[in-house]
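As C-alpha cells, here come the structures.
Each of the next two complexes has subunit A plus one more chain, namely subunit B in the first and subunit C in the second.
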Partner chain A sequence: MADNSMVTLMAADHIEIQATLQAVKQCATLGTMLEVLDEQQTLGLPIPVLEVSGEALKKVIEWCEYHREDMVVETEQPGVAAQILTSLPQWDTEFFANIGDKDLLIKICNASNFLEIPLLLQYSIFVIAQALRGKSTEEMRAFLNIENDLTPEEEQKIREDNAWAMPQN
Partner chain B sequence: MDPVLPREYLSDHEYPLDPRQADHIVEAVSYYNTSLRESVIWLSRTEEKTVAIWASMARPFPRHTEKTLGYLDTLPLEILLKILESIDLRSLFEFRNTTARARQVVDSEKYRRAFEDGYILFGALVKMEWWTKVSLYDIYKALRTSACEICGEYGGFMSILLWKRCCYMCLRTAPELRMQSVTNVRKYYGVGKSQTNQLTQLQSLPGFYGMSNASQQPRISVVSVNETAMFFGRPPPEPKMWEGPSKCNFIASCPLPFVHYDASSQPVIELGVSCLGCYWAMSQKDIPTLSFKKDELCEKIYTRDGFLRHFQWCKPAQRMWKTPELLRPFASIFIRDRGTDLLEDEGILQ
Partner chain C sequence: MNPPTRIFPSSESTMPKRIDVCEDEELVALEDETESLTLHSKQARHAHGEGVEGAKESQGGLRNFLGELPYELFMKVLTFLRPSDLFRFQRTSRNNHAFVKREESRISQAVLNLRYSFLKECFLLPVLVTTLDSSVRDVLLSPERYEYTRTDKQIYQHVKRPEPTETCTCLTCVHRWYALSILVDFAHWQEHLDKPYCGLPWVPGGGFRTWNDDMLDDHAAVVRKALYSPLWYACLMETHLTSTTRSIRRQAVKKGNGRREFEMTEDDVNSGTDDFLNRAGPSSLNLPASREFYYELAYFLPTRYWGWRLSRWLYIPATQHDQDIGLILREVALRRKDQLAQQTKDEASEQA
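Let's turn to the complex of A and B:
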C-alpha cells in the first residue's frame, strides 16, 4: 500500500476520519497494527480507534498529517531522562493555541499516549505544564476545575508552610 | 580516566586494590572538606529553624484521597508526573496546595528524594526566589550528573545563576562561571539601573563566602560576567571584573551532592571526599611540592570511586594506609569532617 493512500479511522463516537497512511504511521500503535493485518482483507475497512473521541482524533490526525514526513523519534530512551522543552515550533504553537478547550487538550494528550505519538505527547505535556506555570493555588483550582477538599487543619498546615516558603506574603 | 596527580606524589605502579578493602581505605585516608562547602551557600539542617517545615514538605496528608484533580483526573499518573516535573518549583508548590490528592501525587518517593538529597540547593532556590526558574526535572538532572560542566572532573558544586554543576577550582577560576555584583557592573561599564535590570540577577543570601569566609550580610545582586559582556557587546572594561578571586562566585553557588543507584537500586548520595594523603604530604618538608599549587590540590574532591582510582596512584595516601600511626594526628579531622558523621548529624542517613 502506498504511503499516500487513504485509510479510514473510526473514533469512539463512530465518527469516521480519513487520513493518509503516512500520517497514520506516525501513531506507533496503528502502524504496528497495520503491519500485522492482512492488507487484502482489511483494505477499505475502517480502523477502529474506539478509545479516542472523534473530536480528539480529528485534531491528532491533523497534527499527524502536518508531521507525516517527520521521522518518528522516540523522545525517551531507557535510562536517559527526557529533555524538557523550552518552546514549540511555530506551527505547533498555533495548533495548540487553536485548541482552547482544556478538556480537548487533555484528550489529545491521552490519545497521543495511547496511540504512541512520542512527539505529540511531549508537546501536549509541554502545553499543559505551560498553562499551569505561574498560577497561584486558587488560580489552579479555578483553571483545572478542582474542588478544594482540604480540612481546616490541613489549610492551617498549608498556611504554616507558606510562611516559610513565601515570606513576602 | 587516569587520575591527575602532581608528579612528586605519583606512585611508581598502580596499587593493587583489593575490593574488600575499598571501604576501609575510603574511611581511613579520605576526609570531608567542610571548608569548601562552607565557603558557598550553606544551610545547616540542624541549625535552621525551618528544618521542621522542610521535613514536612514531602509528606502527604495522612488520609484517603479521592481523585479530585479536575481536568487532570483522566491522565495516567505517569503523564501527570511528567507535567509536574516540568513546571517550576514555585508552581509545583502551589499545585501541591490545591487538594489532598495533589499533595499525595506531588509527594512521591522521587520528589522526597530530590528534596532530601538536594536540600541546600532546594533551600537556596526558595530563599533566593529562584525557584520560579527551576523545575523538579532540572533538580533530578543536576543531582544525577557528576561531572563539572567546565572541566569534566567531579563537580561537587552548583553555580545557581548559570545552572551548571562545577568543581571547586572551576567555580573559583573558570571565566565561564564568573560572577560580579551589579554595583560593580554599573560602575565599570558606566551604565544605569535600567540597563543592568535587563541582565539575569540573583539576590545573595546573608552569609559568609569564599575561602576567607568574608561576611556578606546585606543582600546584593550578582550577574554573570559572561552574560554581561555579551549584553553590552564588549568585554569587561576593568580587569578587576573578571580577573582574580571574586566573592560573587561563591555567593551564587552551593554544594550539590551526586546521587546514583547501586546494584540493588538503592540511592547512593555522595558529597565528595578529599585525599588525606595529599593533605598530609603538603605539610611534610621532605616531600617537595614544586609542580602544582597547593590550593588546587586541597580543593580537589572525588566521588568514592574517583577517590579509589586516585588512591591507586597516590603515593602519600598509600603510605598513610600502610602506616596507621601517620593517621593518628588526623583523628580530629575525622571526627569533625568525615562525611558519614556529617550526614548522620544532618539527618540524611538514619
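Let's turn to the complex of A and C:
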C-alpha cells in the first residue's frame, strides 16, 4: 500500500474517518496492525478503533495528518519533556487552543495513549497541566469538578502547614 | 444498510467468555470456565478511580476531569505542574492530598529533573544525622566537636546555624545548610530589593530577641521541612528560580557596575525551568555573608564554577560529604592518639 493511499478508520460510535496511510502510521498501534495484517484481505475495509470516540479520533487524525512527515519522537528520551515546557510549536498551540472542551482534551489524551502517539500524548498532558497552572485551590476544584470533602479543620491545618509554599491560595 | 465488515472483533463480541471454533465443525464449542482475574495492583485501583481522586467523584453530577485518566497519565500531568501548583492541588480534596503524599517522592523527583536540574545540583541537602553510620554519628555528636557545632554561637545575622543533632556537621553539610537558609532569606527580601531606595531593615542588637530571631526560626523551619519532604525541597528550587530571575533582571538594569551580565530572555523566565542557567556566566561560589550583599548579588548559585577549559559548569560533587567525614574521622583519631600519648607521658612522669 502506498503511503499516500487512503485508509478508513471506524470509531467506537461507528463514525468513519478517512486518513492517509502516512498519517495512520504516526499511531504505533495502527501501524503495527497494518504491518501484521494481510493487505489483500483487509484492503478497503474500515479499521475499527473501538476505544476512541469519533469526535476524538477526528482530532487525533487531524494532528497526525499535519505531522505525517515528521519522525516519530520517543518522548522518554531526556530533554524532550523539557523542550515541550520551553516551546510548544505554533501549530500545536493553535490545535489545542481550538479544542476548547476539556472533556475532548481528556479523550484526545486517552486516545493518543491507546493509539501510541508519544508526542501528541506528551503535548496533551502538558496542555492539561498548563490549564491548572497558577490556579488557586478553589479554581482548581471548579475546573476539575472536584468536591471539597476536607473538613474546615483539615483544610486549615494543611493551609497552615504549607503557608510558606502557597502564600496566595 | 449492512454494518461495515470488521477486521477485528468488537469489544462486545469478546465480552462473553466463550470461544467458538467455527472452521472445524467436528469440534464442539469450547467453554471457558476459568474465573475472571481480579486485579489488586495499585495501577488497577487507580484505573478504577480509587486514590486518583476517584473517577466517579463528582460535583453536582459532573465527572471529575482528571479522574478519566489512567494512573500513569495522571502522574504525568502532576509532574508537569510546578511545586506551588502541586501544593494547591493537594488541598483540593482528601483523596488528592493522600495521593500526592503517597507519591510525593516520585512526583517531586520528576519535577526536579524536568524543571530544576541545575539548581538541585547547586543546593544539595545536608545529610541527616539519623542516616549516618553509628560510629560517625558518635564522633560528630561527641563533646570534642561541641565547640565547633554549638548552636548558641550565632555566626551570621541572616541565617540560623544548623542543629548538630539533626544534620551532619561536616563542612560540606554545614555549607549546604547555609546555602538553603540563604535561599529562603534571599527570597523573603525580594520585594525590598526590587524597590530602589527601599533598604533592608536594620536589625537591632543588644541581646534582645528581635523580629530577626523570629524570622530566622521561621526560615530554619522551612529548610527543615525540605530535609524530610521532597516536595518542599522542589518548592525551594521553584522559589529560588524566581529569586534568580528577579535578581538577574535587577542587575541588568545597573549598567554602571561593569560586571558580566547573565544572558536571560523573557522566554527563559516564562518557561519555569532553569535551562538558561546552563549558559556561560560568572561564578557565584561564595555565600553572601550578610544581607548587605543581596543588593549586588547577580545570582546565588553556590557549589558551581565555570570550567574554562571544558567550557561548562562544574559542580562540587555530592561525594564531597564522604571525603569530609573521612577527614573528620582521621582528625579525631589523631587527636585521641595525641591525648593518649600525653596521658601515658603524664602517668610516667607522676610515677617517676
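We take it that the second predicted complex is superposed on the first by the 151 of 169 C-alpha atoms of A that agree within 3 Å, B and C clash if a C-alpha of one lies under 4 Å from a C-alpha of the other, contacts with A are read in each partner's own complex, and residues count from 1 in each chain.
As a convention for this text, contacts are C-beta pairs under 8 Å (C-beta built on N, C-alpha and C of every residue); 3 or more make two chains touch, one makes a residue touch a chain.
What you see is a predicted model, and the numbers here were worked out from it, not measured in a lab.
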Combined model on subunit A where subunit B meets subunit C, clash or fit: clash
Quick check on the superposed pair: does A:P48 touch subunit B, subunit C, both, or neither? Answer first, second, both or neither. second
Any idea whether subunit B or subunit C touches more of subunit A? C
Using the touch definition from the top, say if A:L144 reaches subunit B (first), subunit C (second), both or neither. both
Would you check which partner chain A:S136 touches, where first means subunit B only, second means subunit C only, and both and neither mean what they say? both
Answer with first, second, both or neither: which of subunit B and subunit C does A:I99 touch in the superposed model? neither
Of the two partner chains, subunit B (first) and subunit C (second), which one does A:E160 touch, if any: first, second, both, or neither? first
Quick one: is A:A28 in contact with subunit B, with subunit C, with both, or with neither? Answer first, second, both or neither. neither
With the two structures laid over each other on chain A, which partner does A:E16 touch: subunit B (first), subunit C (second), both, or neither? second
Of the stretches 5-13, 23-31, 131-139 or 203-211 listed for subunit C, the one clashing with subunit B is residues 131-139
What residues on subunit A does subunit C touch that subunit B touches too? 81-82, 85, 102-103, 106, 109-110, 113, 121, 125-126, 128-129, 132-137, 140-141, 144-150, 154, 158, 162, 164-165
For the subunit A and subunit B complex, residues of the former touching the latter: 81-82, 84-85, 102-103, 106-107, 109-110, 113, 121, 125-126, 128-129, 132-137, 140-141, 144-150, 154, 157-158, 160-162, 164-165
Give the list of subunit A residues in touch with subunit C in this complex. 10, 14, 16, 33, 37, 42, 45-48, 50, 81-82, 85-87, 102-103, 106, 109-110, 113, 121, 125-126, 128-130, 132-137, 140-141, 143-150, 154-155, 158-159, 162, 164-166, 169
The residues of subunit C that touch subunit A in their complex are 3-8, 10-11, 53, 57-60, 62-66, 68-70, 73, 76-78, 80-85, 87-97, 114-115, 117, 218, 222, 232, 235, 267, 271-273, 275
What residues on subunit B touch subunit A, complex-wise? 50, 53-54, 56-57, 61, 65-66, 68-72, 74-76, 79, 82-88, 91, 93-95, 97-102, 126, 132, 135, 137-138, 140-141, 144
